[in-house]
């Protein structure tokens, strides 16, 4: 955010992503300091998921620059450098809107796998940590179930535990609470607060304004691929500057 | 006594003189194509039926299908042919050569395609069946419009493989005097002792059919796949990717 | 039975003090005569490491005379001549007729025996006219097949082997089977049919092999003149010594067939 | 005839040797080949397409003649068994690559993305994520192909490899009884293929029960 | 609901569904009058989705009875009668938690297909109606996009349009607003009110208590497979009888 002072941990400038004719991300710049929590709000199809996916280069921007920690990249349509992409992703965890769990692995295996393969943890250690993360999201009982045997909310939490277990410096959450009841939502909120306290930088897309207000330091409002408004949640929610933001937020209250 | 180093009249001459045999072999193509068409056109739908039967709740139907499939793919086509052509007369059924060949090839292609199609059906997410049921679609529509198009993405390459195998396998019909390409090729070879050239000519004729057909099938599969998800290599992600759908 | 192995296997070992009848003969492997063998009784039989049969015995004798060890490369008929053309075998046996088409691609040896085209049927027919009115089966590669095809049209059925043709004769799908005399005797034993007889076909222009009787030979690679000359000499020797007739008798083969006369080409 | 049955049964070894070697070649080398098909480079993809279509399009008999006789003309004289393994093996590579290609289509894009997001290395992504799902997607088709290969190995009889069909042919030559002997040979093939079919069914049912495709 | 008077449109009695050892649905009975809207709330994994799937027999109950309209069934472990199942589904539309869109069809084709095949509408009519439904959920612009080209919320709305287009008498919504921003959520709310006004009976699982409160006539609280409390939303939310319900709802307020 422009608002954040000091050295930024994530720095994105003039990111553009087109799908055919459609500009899904239209010249977005972001600057996030270490340990900050940013929430992205905005109507369906505004480009929130796409922006998150650009931040760990799952989607390659058409143009712009991106820096996460020490790893910086410039995008200009030429093939991206694998090593740089890997360096960015190495710091970064992601919770997908559609979860993308590994269907052939049980919950605990889903969470343990990358720890063993990427962080080089032993099988036992990875399992212990995986169970701890599942416990943290209230899923200890489902540790040995396969994703197809879990309810929607349970799958979502496996996805969260999987990303948490990698101890990322930057967490990207795509609607982390969309399928969760308020009770579990509150647990996840608590987890995110812990993470923030530990200095983890977080960006999350969410439709739950209350959630955004409670958890984030800064809120960005996205509409049609652009960030039209940004500021502290209290400011954005209570005194939106932009007419479009006002209209968007009125729905929450009007509901 | 020194060792004798053999030379052929013109080494590798078969690489360029095969074309002379094309006119001789071509008359066999019609028969081969007709047999292939029958074995694929009748065999694949039967295979689809067998694939459904092997997953059905009725144990009787399931076992019937499994036996038909296992015998059909386990017995060599040659033996199926001999059974139909030479074995059936002993119980009073006398099929002519073409009909015998058709029966044997259809059985074989149905058995093989059943397993291929079963695999493809298994790759379709359960949610797709759920959605079709919830919309009250009847089974025919569900399979035809929802399930098969998605199963085919997985099944088209092996089904094309199988089609080519059946096309080549029509040459087995030579055993019972059906005059197709390889039958003529063998005959000409035995007269002129120019097997390499003759077989090359046969290969060219086969290629002329199989390459366009399998390229077309590839394109078909890509059309089905392109709109669903764009796959990427395990190695790397090409630029300009399409994001995955949010279905899970 | 059979004991073919995929690697060529040797039969008799030559005497160390042996003197070849033709010292200038060269073969693919020194001291070894590699023979592509198409199993075709009674001409060519390979059993328990021994090459026998009417032609097999002759081949064995030739190898002895040239102080060569026989190595057998087995296979189907399509692979035989190709083996000789490509230097995988020195020569081959299995009742190969001398034909003009074949002479263009391999060296044909002098005739070994004749094998007159014969008709197996239940009617005792033996003329081209009678044949023309029948449905006839032949094994693939039979000489004059194209002439028979002209004579019979769709009523000629070609099978991959004589055995398959005979099986259909038994099943009643064809009225008769045409093959060389030797093979006919063998096949009718294997596929007995009530009232069936074997009749050599009477000379008729429309089937050239009945005018010019088919002669079997041992084809050799075109670049190995020395070998074919040696084979020719050796065959003449075996014939004049009376050995050839003895061999024929041993296999119930008509002794007059061992005197084929001048080489011809079908 | 009893002796003939024994001899035919004894030829099973050669048939199995041919089938197993060709299948292994195809299963192992088909995998790197299919990577070509997935490549970003149009040239590599073109190579894949040409290779697969030409190898699959030409009848195996012709390849066998080229391997056995054609190579000999170039001075490369392979024994009959080696020629047969080479021929069937190369065809198996192309076929398996196509089977893998179909199987990969069953794996959702999200699976790759989750692996990338977790920074899994290529090898781990392939081994831990893609392969198990691919295995499930192709195991019945692969089993079916191996059953087919079992019978395709009979091709080697042309050049005298003493496998089941060659020996059966010899016995028919000397004894007649073509129908019975070939039926017997067929039963041997059936006896070999049924266990394979059963194993593949059991594996597939287990996997399907264990986890559903999401 | 026991509360509803008069003739019921949906009548479920003593439904039980086990997955292995686990009783996902544990003796649930429901009675819903024509035109009523029922909301199912409760923690993740409580069995809400499973109950909805039992109501159109996508999942076969292990025991119990079910009647929807005129079609009645008794479950006792024997194979179910296809004709009965079809009769039930014929009245029923469903929006899935995971959408289950047909990936090989465009949005408008997804919505039009069953109309043509099941209701026998002509191609033109089906397309016109499909476009109208997409319009209704704010998706007219994405009519020709494939599901993989749509954002999460857009996919969800295609799923809603697909079910609506069949004019069902009974609609089953599995978290219809989970991926939707408040603005679109409000639109969907409006749509559901229209449906209710037209006499469509609705059952929906939701985590959004405000949504449940606004749209439903009755609310059921599910915990561990059982319905532990039911009543008018105002009553359940403001004066829950059950201790567990109180605990569950406190999270909403505490957030």
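We just call them A, B, C, D and E in the order they show up, numbering each chain from 1.
Criterion: a contact is a pair of C-beta atoms (placed from the backbone, for glycine too) under 8 Å apart; a residue touches a chain by one contact, two chains touch by 3 or more.
For clarity, every value in this text was computed on a predicted model and none was experimentally measured.
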Review point. When every step has to jump to a touching chain, what is the lowest number of steps that links chain A to chain C?
Key: 2
Check your understanding: What is the set of chains touching both chain C and chain E?
Key -> B
Point to revise | Which of B-D and A-D has more C-beta pairs touching across its chains | key: B-D
Review point. Using C-alpha centroids, which chain lies at the maximum separation from chain E?
Key: C
**Study point:** Distance between the centres, which are taken as Cα means, of chain B and chain A, whole angstrom
**Key:** 48
**Study point:** Mean-CA-position distance for chain E and chain A (Å)
**Key:** 29
Check your understanding: If you average the Cα atoms of chain C and of chain D to get two centres, how far apart are those centres in Å?
Key -> 38
Revision key, fill the gap. Chain B and chain C have mean C-alpha positions lying a whole-number Å distance apart equal to 38
Point to revise | Of all residues in chain A, the ones touching two or more other chains | key: 19, 49-50, 58, 97-98, 100-101, 148
Review point. Among the residues of chain B, which ones contact at least 2 other chains?
Key: 8, 86, 125-127, 195-196, 229-230, 236-237, 242-248
Revision key, fill the gap. Among chain C residues, those touching two or more other chains are 78, 82, 85-87, 164, 167
Check your understanding: What residues of chain C sit close enough to touch chain D in their complex?
Key -> 1-2, 4-7, 39-41, 45, 73-76, 78-79, 82-83, 85-88, 161, 163-164, 166-167, 187, 190-191
Exercise for review: Report the residues of chain D in contact with chain B in the complex, numbered from low to high.
Suggested key: 35, 38-40, 49, 53-54, 56-62, 65-66, 69-70, 73-74, 95, 98-99, 101-110, 112-113, 116, 122, 125-126, 130, 136-141, 143-145, 147-148, 151, 154, 165, 178-179, 182-183, 185-186, 189-190, 192-194, 197, 201, 204, 208, 212-214
Check your understanding: Which residues, counting only chain B, touch chain C once they are in their complex?
Key -> 1-9, 86, 89, 94, 174-177, 179, 183, 186-187, 189-196
Study note, to complete from the structure: Listed in rising order, chain E residues that touch chain B in their complex are 53, 56, 58, 79, 86, 89-90, 92-94, 96, 98-104, 106, 113-114, 117-118, 146-152, 155, 162-163, 166, 179
**Study point:** Interface residues, chain B side, partner chain E - complex
**Key:** 57, 125, 127-128, 130-131, 133-138, 141, 145-146, 149-150, 224, 227-230, 242-248
